[in-house]
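Step one of this worksheet: look at the structure below.
Note that the chains are named A, B, C, D, E and F in the order they appear, and that numbering of residues resets to 1 at the start of each chain.
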Amino acid sequence: MFKKLIKKSRAKSPWIMHFDCGSCNGCDIETLACLTPLYDVERFGIINVGNPKHADVLLVTGTVNHRNKAVLKNIYDQMPDPKAVIAIGACGLSGGVFRDCYNVVGGVDKVIPVDVYVPGCPAKPEAIIDGVVQALAKFEQKQAG
Amino acid sequence: MLTFTPNILKNLAAKPATRKYPFVKREQFSGVRGELYNDIDNCIFCGMCSRKCPTQCITVDKTAGTWVCDPFTCVFCGICADSCPAKCLHFHAEHRPPSVERETISMQGEPPKPKVKKKAKAAPAKEEAGKKAKAEPEEAPKED
Amino acid sequence: MSNLLLLLIVLPAIAGLVCYFVRSSSVRTLTVTATGAVLTAASLALLGQGSFVFEASGLWESLVTVLDFALLFVVLYYGFKLKNLLIKVLTVTQIVLLGFFELFMLDHGVSVPALMGDNLALVMVLIVSIIGSLICIFGIPYMKEHEHHLNLKKSKQPQFFLFLVLFLGAMNGLVLANNILWLYFFFEVTTFCSFMLIGHDGTEVATKNATRALWMNSVGGVALVLGIIFAYLQTGTLGIVEMLAAGPAAGALLVAVGLICLAGFVKAAQLPFQSWLLGAMVAPTPVSALLHSSTMVKAGVYMVLRFSPMYEGTFLSHGIALCGAFTFLACAALAIGQSNGKKILAYSTVSNLGLIIACAGINTPLAIIAAVMLIIFHAISKSLLFLCVGTIEQAIGSRDIENMRGLFKSMPRTAVVTIIGILSMLLPPFGVLLCKWMALEAAADHLFVIVMLALGSALTVVYWARWAGLLMGGRRIESTPEKQPLFTRGPLMLLCAGALVFAFATPFLYREALVPMFAAAHAASHGNILDAATGGFAIYPFIMLIGVGALFAMYRALRSDVRRTSPYLGGAHVGDIEDGSFLGPMETAVPYQASNYYLGEVFGELRLTPWFNIAAGGLIILMLGGAL
Amino acid sequence: MEGLVLALLGIILAPMAGGLLAGTDRRVTAWMQSRQGPPILQAFYDVFKLFGKERLMVNRWQVLCCWIYLIAAALSVGLFFGKADLLLIFFVQAAGAVFLVMGALSVKSPYSQVGAQRELVQILTYEPLLILVFAGIYLVVGSFNVGDIMAYDAPLLRKLPLMFIVLSYALTIKLRKSPFDFSTSHHAHQEIVKGVLTEYSGPALAIIEVAHWYETILILAVCSLFWATNWFWMIVLLAATYFAELVIDNTMARMTWRWMLKYVWSIGLALTFINFIWLHAG
Amino acid sequence: MIPNEHPVTAESLVSEVMRKKNEGYRFVTMSSVGLEDGTTDILYHFDKDLELAHLRFNLPTGEKAPSVSGVYFAALLAENELRDLAGLEFEGLVLDYNGTLYLDPSVETVPLVNNVKIVDKKA
Amino acid sequence: MSNRTVIPFGPQHPVLPEPIHLKLVVEDEIVKEAVPALGYVHRGLEMLATKRDYHQMINVCERVCGICSMIHAVCYSQSIEELMKIEVPERAQFLRVIWSELHRMHSHLLWLGLFADAFGFEALFMQFWKVRERIMDINEATAGNRVIVSVNVIGGVRADLSQEQLRWILDELEIVEKEVKAMENTILNDYTVKSRTVGAGVMTYDQAYELGAVGPTGRGSGLKSDARMLGYGAYKHLDFEPVVHPDGDSYARSWVRFHEVYRSIDLVRQAAAALPEGDLAAKVKGNPEGEVVMRVEQPRGECLYYVKGNGSKFLDRVRIRTPTFANIPPLLTMVPECELADVPVIVLSIDPCISCTER
């Protein structure tokens, strides 16, 4: 019973944390916009938390550069299981327009495992919402498997 | 103090401004650069898009007749579509849906005429691999 | 009976002399330990016998008078030696007044019982004998270590233990005295002992602070002599019991009582006399522990409490309540600004004594019981805490609480004992808090008193909670168990156990011992109010659930399926997960550093003390003036 | 016996009420911000989810402290419903609050440390106010006992209107609402991250959340004493009070604790004195 | 060549910058551009009432430039940036990040200069 | 034992939308020392000038920052246009102004929201962002993307505004103006807001000038400097007066930005009224050669591009001095001796944009 409740709750209360890994702000503000009245992801029980220890879903925007890759790893490690990672925007997916730059690692999945990729430059709030929904579906899969 | 009260009371009385996405999808504005796709039937494999693309995420193989784009690198700037001489690149207004693994858009088309028709290999096309289309020889790209 | 009294009062003096003259350390250890055991046994036996009144022979009476003058002259000698005018003047005043009183006023024909033991006195004897002895025993290894640090050529321990043990006897005498002149004598002995002990280390600060303690307590002495003379003139008796029998006082007698209370204030280091007790911190820790918990300051509150029936319902009573409450509040505020562990303890002591005195001033049966219980619980917890700080200081070389961060890691046992000690000062189900509860209930009718108590108790929470909190943390390192001598660990453990056991015994103590004792003695008709107000602790088993809950919480905490992680440092943490260091500017690792807020701009000692002293002085003048 | 039953009932029902209230709070707040907001049961989803997460801790003291916080909070609610003594209830509650602080202090994290210090300042601010409110109630009713207070035959609000305002300061602080959400806030965007809660996660965080519900209920229960003569008006009073809290939360910036200490103490004490003198005069 | 620019030398640089300051110019920023011959041009941009003025300083390879952060505090960020991106060193920088302003040790070559290895950053 | 606490403020920190790190040393929450560590957003995109041709570079420059991307593109295009002596059609210049001012508006509204968030006023944050969505809709409907609009090309613009679109924009701006007006009393006069912003992070006129503060940060200290006064693009045809406030504290800076929203609405109206007919873009032939310094006014202040071309389609050097880069030294002097709680307020008061600072 309790297990079922927890499972149900998990899908209804994904707390997100956003980390900017060197983005141009485009994807960040679209992520932030998801919280605001027009998109209001709190409808899905999503809360934007500021601290990896409270987060279920990590939203990463930006190219991942050499200085912040360690930070990204640290943050990921401080999240309690079960957790999911969503990479947002061309930068987070591959480095985007900056992928040839010397300081760009290029893609979140080079540092931590990524569950959902949300393309766009920037990804639209709707796309980000879709991404979170997919991440939740993945939670369920992980539990089943 | 409390100067914001009228605003919140007004909000309380009015309907929330929230758009009910994804349950209700509002109509997109026309001209929005959502998902990029290629009318592969019309593509002449000139490679202009791949040269102009600021992220260099398009690969065009003229001989094999493939057009491959990395949607995870594309920044949806629309330069390719603007510069495409065949005007076969378009954007859906809907954004490209997120995915759970890496993807590429690879499309198999009819390579331009001058070359001898090759057996097109069945590329692992995610997007529907285009039906073989006839490309006009006159529209073959001019090289600098 | 008389043998027991002899044991309690005279034996310590003899034991002290043995320590002084036989310079062997093993004899000293034996003497101190044995004296402690005997005192404990004797005090328990005395308790078993219940209340009594004891007439001493005339010989004793004369002996006390002679010793009294002798002591005053010794003090005068020190006044000259220290070239301190205040001490000289105050002592001469006492000699003159007392001489005049003995020669011209006192009717030597009428004799009063010299000693008596009622419930209050017996409780005090228990505290002095048991807790005092434990502290003395703790002192044995402590002083060895202490002198080791100082590299003394010739041990000064014989002298140290002379006064330490003598102190216990004097305290027992003080609380058992019925003849008020005897009380005065023992009062002076404690003054003198504390002077010697504070100055023990002989450093410049020690001498200075000892001198301050001496002159301030001499002020108390003068007030006491005056009080005695006035009281005698009004009542015609020297017996405390006889005076109390006369019931609530008025007019000049009230002034006399006020003066005696003033003497108590000085002893109890109430504002504005707190500085001597703070200065006493320079002495070795056992001395501080003794002064703060079971002796000296408790003598002060004892006197105020002792005379409480005489000022019941008078303006003086309100004044005393206000003074006490003000000290409670002010010292709690001062403690906030401190990071020196011993100073925090000192301010907390003064603050709690203020609470006791406020209770005495509120002067309802409930308040009086609260006061007595506070004396007991405070003595246990405070002595424990002093011993803890002493132990920690000897181990880490600092008494600054900031240096005790994560102490659990290196000294797990001491840290836990300290935490328990601190919690016993502020949380339910421990006794100190219950007394505070009773005090607040009793004070609810007094607007200013309750406001000050409310603010003060919140301040108290702040300085205790942060100290306890910072001791925690760190992983327990199994490979280096803490080693301590038996005589260090023994008293710590016993006192800690005492704090825990007494917490659980509170309702029993309240219902079975104190209510009948004081409610009856005070005003029997008030008994039912007591039960109504505190629910007679009927609810107590329920709060005890906190204790049970704590056990459960401990069980949860020890369950092992926890993944450890480093603290959150903005993702910049580097190195070991225990370290708490992060990668700062210029690729350098920045070590963890944190600190409590001491709010120097509000709670700074130098800033606040003058104002508090002025206010407290004003209150005392109001209190005495109101009595007129 | 009846007391015991009521107490148990309180302990069981309070978190349910607290969770529902938290959900409603979030919903109404969202409406005030022109958002749709989460489902009413959201608070429960959150807590259940947290219970299902991995235990990730810096040290074991935290676990100890959060459990004691919960137990103390639950007990204080139980004591209230069991009609015990107000001051005692308050002390038990304070014990929990102290453990919350100590848990935060036990971790080598500057955020948690700063949060703990701020929490202490908050305790320092509201504790005396609460004691004074209780003293005010005592002056009117002549008892600290909840049962006696409920039995009093006129609404206390009439005699202690200013003390109700004083209580509402304590309520705002306890609810961690603007302008007093310093030590930890319901929103992530705070300079000290989550303050005292920074280092808690998963089940431990759930425990703290439930304890917070208990505390909310406790202090609302104290509010309800101000109109205990009539169920209807009691509920109206509570609803109005809570709504006022929401309005305040949504129309004020977060202030600083220095400001709070100055402002709340001076206003609180002034109101107390006026109300007490008025009581004496009246 | 940009309008309103003046060449300066290593000796005159600081005093020229000082003069700009005394004339009431606001410091805008510095730019650098590598030249064919391997030397680097450093441009100092100033502004007064929306008029730009520039100083051009040619820094030979391997030499240190004098820092102007003592004159204009704001120059410290620009100089540290050039230290990172173009590998230029400045003498007397008020707060010297020594090549760690932007770059992590894992970036091994000077970004705007081809094939030049970054040497021990922390030294 | 010192009673100091060292706080690693960032790189990941909820108050910072972007990763930077400040080592804060505080004593009783008074900041005694603040040392920044940068490089968490540095990508090194200036170097792409040697790997992408000068047309493609425009899309890179747009992504220096996703907030005022339009204006970066304008500045870059103007640099190239100046090097290559390209005459940009009037209509294109006016359209650039319209989109630029729309960007300024959404940037300021975004900032006002974040600023409200910095002092814990969540409802106000929500309200500003709700209004902002109207501007985002305008962007999306007219330029095809919400944030990075990509309408600039060398020589002009790629997209046009039809008459109905213009009318719709003006109608929307009407609403925006009304809704923003409804918040004026709160952000500028509310007691709690003012007690957090007034006197926080004071910078005098002289300091501002000496440290080279730009944009609203400088104008909040009474510095009457705004690159739009240069009259680049179509600004020379428009009636424009910069918004200035003399106080130099966080309040003054928010006052300036708040009023600039009105000013931008006004500019869009003027531009829409004066929008001439004509081509969208001039033809571009050849490659840029030579050096140029170009300045434009971004929401955060003056932005400067230094571009050097060598006659090939790749550029020798593109150097971008963004406004926040200029505003960081002022910030470093504002933070010490403030309260910890004021750190977010003060940091945000310069409207920092780290992605542009570090590029």
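What to note about this one:
Just so it is clear, contacts are C-beta pairs under 8 Å (C-beta built on N, C-alpha and C of every residue); 3 or more make two chains touch, one makes a residue touch a chain.
Remember, it's a predicted structure, so these values are computed and weren't measured experimentally.
Looking at chain A and chain D, the chains that touch each of them are B, C, F. Using the contact threshold fixed earlier, the set of chains in contact with both chain B and chain E is A, F.
Across the assembly, the mean Cα position most removed from that of chain B is the one of C.
Among the other chains, C has the CA centre that is most remote from the centre of chain F. Of the two chain pairs shown, A-F and A-C, the one joined by more C-beta contacts is A-F.
Centre-to-centre, using mean CA coordinates, chain B is 30 Å away from chain F.
Each chain gets one centre point, the mean of its Cα atoms, and the points for chain C and chain D are 35 Å apart. Separating the centre of chain B from that of chain D, both taken as means of CA atoms, is a distance of 54 Å. Between the Cα centres of chain A and chain E there is a gap of 39 Å.
Shared interface positions of chain A, i.e. residues touching 2 or more other chains, are given as 19, 36-38, 40, 43, 48-53, 65, 67, 71, 75, 78, 80, 96-97, 102-103, 121, 124. Chain contacts: chain C has residues 563, 565-566, 568-572, 583, 585-586, 592, 594, 596-597 touching two or more partner chains. Within chain B, residues 1-4, 8, 11, 16-18, 54-55, 75-77 each touch two or more of the remaining chains.
Contacts between chains, counted with the stated touch criterion, involve the pairs A-B, A-C, A-D, A-E, A-F, B-D, B-F, C-D, C-E, C-F, D-F, E-F. Per the touch definition, chain A reaches chain C in the complex via residues 19, 51-53, 70-72, 74-75, 77-78, 80. By the touch rule above, chain C contacts chain D in their complex via residues 406, 408, 426-428, 433, 436-437, 440-441, 444-445, 447, 450-451, 453-455, 457-459, 461-462, 465-466, 468-470, 472-475, 532-535, 539, 542-543, 545-546, 549-550, 552-554, 556-558, 561-569, 577-580, 592, 594, 596-597.
Within the complex formed with chain F, the chain A residues making contact are 19-30, 32-33, 36-38, 48-52, 62-63, 65, 67-68, 71, 75, 96-98, 100-104, 121-122, 124. Touching chain A in their complex are the following residues of chain C: 563, 565-566, 568, 570-573, 583. Note for the complex: chain F touches chain E at residues 38-39, 42, 44, 46-47, 209-212, 225, 227, 229-230, 290-293, 295, 302, 304, 306, 308, 316-317, 319, 321, 325-326, 328-329, 333, 358.
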